[in-house]
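I've put the structures underneath this note.
Shared between the two complexes below is subunit A, which pairs with subunit B and subunit C, respectively.
Entry: the complex of A and B
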């Protein structure tokens, strides 16, 4: 977990890049990202439409990953789905981490009544199975798009970072440098942002990656249940379409395998990045490695 | 140490990456997990219901059966069970009020198993089969119809089925306009009276030589369902809209044993009146209507002999072919391509005529020109059907009427893809195509449609994916709304859609036109009488006038009807209130592993449709109206 060790930005990045887990994760992630962006830039959006290609064909020239029963190219779908899935992850992780950290800082630093109220709120949200709520909300919102999906997921991603940040802040605020800052007349918010935040940045980075990962998976889960963005392609929606069109039964492996593998690779890369971040910012873990 | 760990991580990553291009067994496991729980639930339910009676029957059958091979109790129970896969969950298994809007009568099995009807039509043979009734007779000017009821019919609780029940049901319908199809009943029926203990007379509000064919006003089923007679002794004093009828009492050969969100289980009524009157007994002891999940689950269940037949629109051609490869006992109506039976209810695209700009015929025609139905057929239906110029099934009986308007069809090319023509029409309405490719009104608003889809229908979901792509390509923004009942029913009836693909039943020349009569017009936001009964809110006086003329012309006067059809179609085609789409293929496989005698193209004694009320006759067979001889009925494959 996070430490009170403050480093210069340069040293931290250098250390990160020397961490093999982080590096490998980053390379896989960047490869996926490059593929997605390149694919997205080079494909004509019109070719995403059904009937753009002959239907039910295995990989071949013109359709490198084959086509589905509606005459859509799997490669084109992947090129749309990867960035959209990443978008969901990015928005949801940002929302979750930002609001989680904010609530955690405020709750931990100010204490008292504010803390009591926020703590109950965090505990309540932590104890409610969020998937249940996500399913309910996604089912109630008629016709979600990718952004709405990200907001829905992000709305349930904040309690866990909030609780951990709060715990850290409880310890940090008793340290001498915070006392000094307080005595020198800094306001509460100033202390949070200028004194406490730098100590939490590394931890927040690791949490961000973790939230990113779980948001991508949650999106896939919801989409698999048929609650995803019907008019847009995400990795989850690709698996959903393949499943609901009985692609496995009909041996159309090129339909379901690419999104599943893309999900696995994405998961792996983010997990390695997360491990790397954790190791670099936590000396105890580093010495074990 | 450090190096070793790094090496390990590298190896792990390498292995995983190497696994990337090839499908790994891990993934397959993932998919299977989704299916398992569903199947497991079903089996448990079946066991719970069937267990007890089986043990008794086992002994009897073992003595009689010539095959000495030992058979497990579970297998014996399966041999007496008919399993039907339905397309979606039962919204509320405790609400089995067949007249409450939004309650499905077919997925629940209510109108196949519990309730029965005066007459059943056999579309394959053209027979009008007396069942709860024995005969009907019109008076001279077709303003009254007298129906003779069958002697000996009883409700499943033993009470006799009487004219009082008929009178009670009709009074209920006349006094409660919110009941399903009550509007159509009120339109035709002035009163229903008991003549004697076995005779009722329907006094009609106006002459109608076709009343006995009107499923929404008379207890006769041609297609799908009909008016259902209720037991007075159960329903009296209940509010017909809120009464849940959780334990439904009907005259049918089965009684409800268990109702859950995923399965309705029916047990044979050993005291069924039909056994006493006709001397027959339905072969299956238990009938299940089960929701198994998506297409793959249904296909695998059919291949594994866990179900005997699925509902319409669940299995695609690709899945069906895969099932046949795995289970040689499975076939559809035709043994070879095109496999499917032609359902009498074609699938046009309903357009909300009350919402601008779709209130203008130019807009509706433009929409029609934007759609490539052949592509919809090829992609969504995998070639199992054909585009349709109109809203009637391509049956031989209808052909003379189609021939009568051949020139009109040339003048008005429906189901024809012509984007240039569409652009011309949109431009004439003041729309311009923006840089983003979407049509925009003079006020700067993007042309947008709410496309309501039945999320439980594989067919509708597939079509919607293709149609939405086509419309977006044509410059119309599409907002897809996949809904399920009861929200779905409410949304459609209140007209809260711009487009919705829907089946147009019953498929007769006159009846399908009559759906467009403005007497069914209700303002937006109020529930229309029925989905295809003008929930699209069309209104045209000249059209109504010809319809009223047709309504009093006996169907036997073919030439006169043809002339009327020509005149009315000149208006219909010009205005295009709904957009003709495709003929309805019914790819409904059945398995002969446990049950034989299914109707098929080789032996077309009935319709192969387990979601219609006529399925009662598929299970039981029926007395031929001409010879009295017993026809059909499914039998056990082990007898």
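Entry: the complex of A and C
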């Protein structure tokens, strides 16, 4: 049994690495990550303060990506912003996937009244633009930091995984191996964790990446509205500061372009990774092209 | 009969959405530590003891019964809401929140309906053609990665790039704003054209991104329909390629494509609100943005509630018209939802 599992694992990873979308996405993502970590390790936190550099300079030696109106280096900012944006995404995606999977499992497995209620809840929260609830909360919480932001976003990230896990469980639970487990006296939770979970893991991975992507998206959206962490730097906050100092119209392209490009690369890479994971775990989705 | 049951299910979702969102909007400010009007007080303090301060606080306490129990407060909140009373704005007291929201609504609805319809129709048509004949043409193949990149960019990021390229670098389009500064606001051809010219870039940023998505989804739907029995039969009957694509494959793919529209409406609206902010477009998104900047919590609350309820209603309308294009849902599918 153990060896069989290792073999399927290898096959899965191998198949993933042969998937072009996954591979391109992974390379872009790792490049971003490496740049961010390297930048973060080589910068002195003191240089993050405003006025550490001369203001409004185009890229040059000492400030490879230029400086902003407040005398901050764009390169230093981005080396702080990228890891923090990733942190928001990671925490929120973990919370969303975990609670989403839990709700989906319970709803799909137990059925009946529990399912009826949870299904309505899932449908309702799916149809409401969660950004709006987040605006409502973030506007009240004073001085959010990156972690608080991640928690708030994560609290609304469960509906989509919940819906999909529920559908998966519904189709899995009628299979013979689940029936056997039930007949042999396993409890509901045991069946969920020992029999159903292993089937769902690959597929939860795709969901996790998706939740990651939408959490980073939400963070940048909230920051753009002025609801982001004011004392810390995230990619969304960088865009926010650049826009509130009219960086476009003052032709300070080196201020707004790096965070915008970083966001595009991040979204594209996560989306490609998500597509790759989805295709490998659902062979039916593979395009014929 | 089955249609009625389906209608009933959708109605339950609609009512639940309205109820849950109103409840969340009511409880969120009360769950956060501090007085529910803390935002009001801090704003008043920041304005340096404004003239209207005591009246405003008194009025709030009276309308929302803040000295009474939570349950009574909730009931009076619902009662005022049913009358369309969303309270008073703080930054422009004594204006009602509802009076401030009203002028913003047409801008948002105009921008959203036009862009969503254009991108959905155009994306579905191009997606169908490329899905049907894609393999034969290099050009069609090249569209796929382009759409993929476009779709993965959020509207508001594309908006920034479009402003830089087409309003700043090559000033083909006007700078962000609803209309030119100093133009007469009247119903003249000049004014209408000016508004339209200002709307092109915001519309383009939404259309390009969502076009990518509708294109990709229609393409994969058509590709997956190709091997179906009824398509093969239509081919065997000798029907023309055009007729099979538009009369058979496309019609069937329209159904999931319409469901897709209902599902993603919330995302489209959320993204469009941010696009408005970037373009200083005077819709609900910009109104919420300025109320955040002005710490005008009742206005934020009112705007958020209005948008959530409209999205819920729009979803409901798409859901109940859906069976009209899908006869199956009236019979077999109804039970499963």
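Here is the rule we go by: the second predicted complex is superposed on the first by the 279 of 289 C-alpha atoms of A that agree within 3 Å, B and C clash if a C-alpha of one lies under 4 Å from a C-alpha of the other, contacts with A are read in each partner's own complex, and residues count from 1 in each chain.
One rule holds for everything that comes next: a contact is a pair of C-beta atoms (placed from the backbone, for glycine too) under 8 Å apart; a residue touches a chain by one contact, two chains touch by 3 or more.
A quick note: this is a predicted structure, and the numbers were derived from the prediction, not measured.
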item	value
Three-chain arrangement built on subunit A, subunit B and subunit C clash or fit	clash
First, second, both or neither for A:120, with subunit B first and subunit C second	second
Which superposed partner A:70 touches (first subunit B, second subunit C, both, neither)	first
Contacts of A:231 with subunit B and subunit C, given as first, second, both or neither	first
Subunit B versus subunit C as contact partner of A:221, first or second or both or neither	second
Touching partner for A:129 - first (subunit B), second (subunit C), both, neither	second
First, second, both or neither for A:180, with subunit B first and subunit C second	neither
First (subunit B), second (subunit C), both or neither touched by A:141	second
Touched partner set for A:51, first subunit B, second subunit C, both or neither	first
First, second, both or neither for A:189, with subunit B first and subunit C second	neither
Common ground on subunit A, meaning residues reached by subunit C in one complex and by subunit B in the other	224, 226, 243, 248-249, 251, 253, 256, 260, 264, 268, 272, 289
Residues on subunit A engaged by subunit C in the complex (per definition of touch)	119-121, 123-133, 135-137, 139-141, 217, 220-221, 224-227, 239, 243, 248-249, 251, 253, 256, 260, 263-264, 267-268, 271-272, 285, 287-289
Residue numbers on subunit B that touch subunit A, as the complex places them	2, 5-6, 9-10, 13, 16-17, 20-21, 23, 27-28, 30-31, 34, 294-296, 299-300, 316, 318-319, 322, 372, 375, 378-380, 382, 455, 458, 461-462, 464-466, 468-470, 472-473, 478-483
Residue numbers on subunit A that touch subunit B, as the complex places them	20-21, 24, 28, 46, 48-51, 55-56, 69-71, 142-143, 224, 226, 230-231, 241, 243-246, 248-251, 253, 256-257, 260-261, 264-265, 268, 272, 289
Complex interface listing, subunit C residues touching subunit A	12-13, 16-17, 20-21, 24-25, 28-29, 32, 39, 134-135, 141, 144, 148-149, 151-154, 156-157, 160-161, 163-164, 168, 175, 220, 223, 226, 262-263, 265-267, 269-271, 273-274, 277-278, 288-289, 292-293, 295, 297, 300-301, 304, 307-308, 311-312, 315, 337
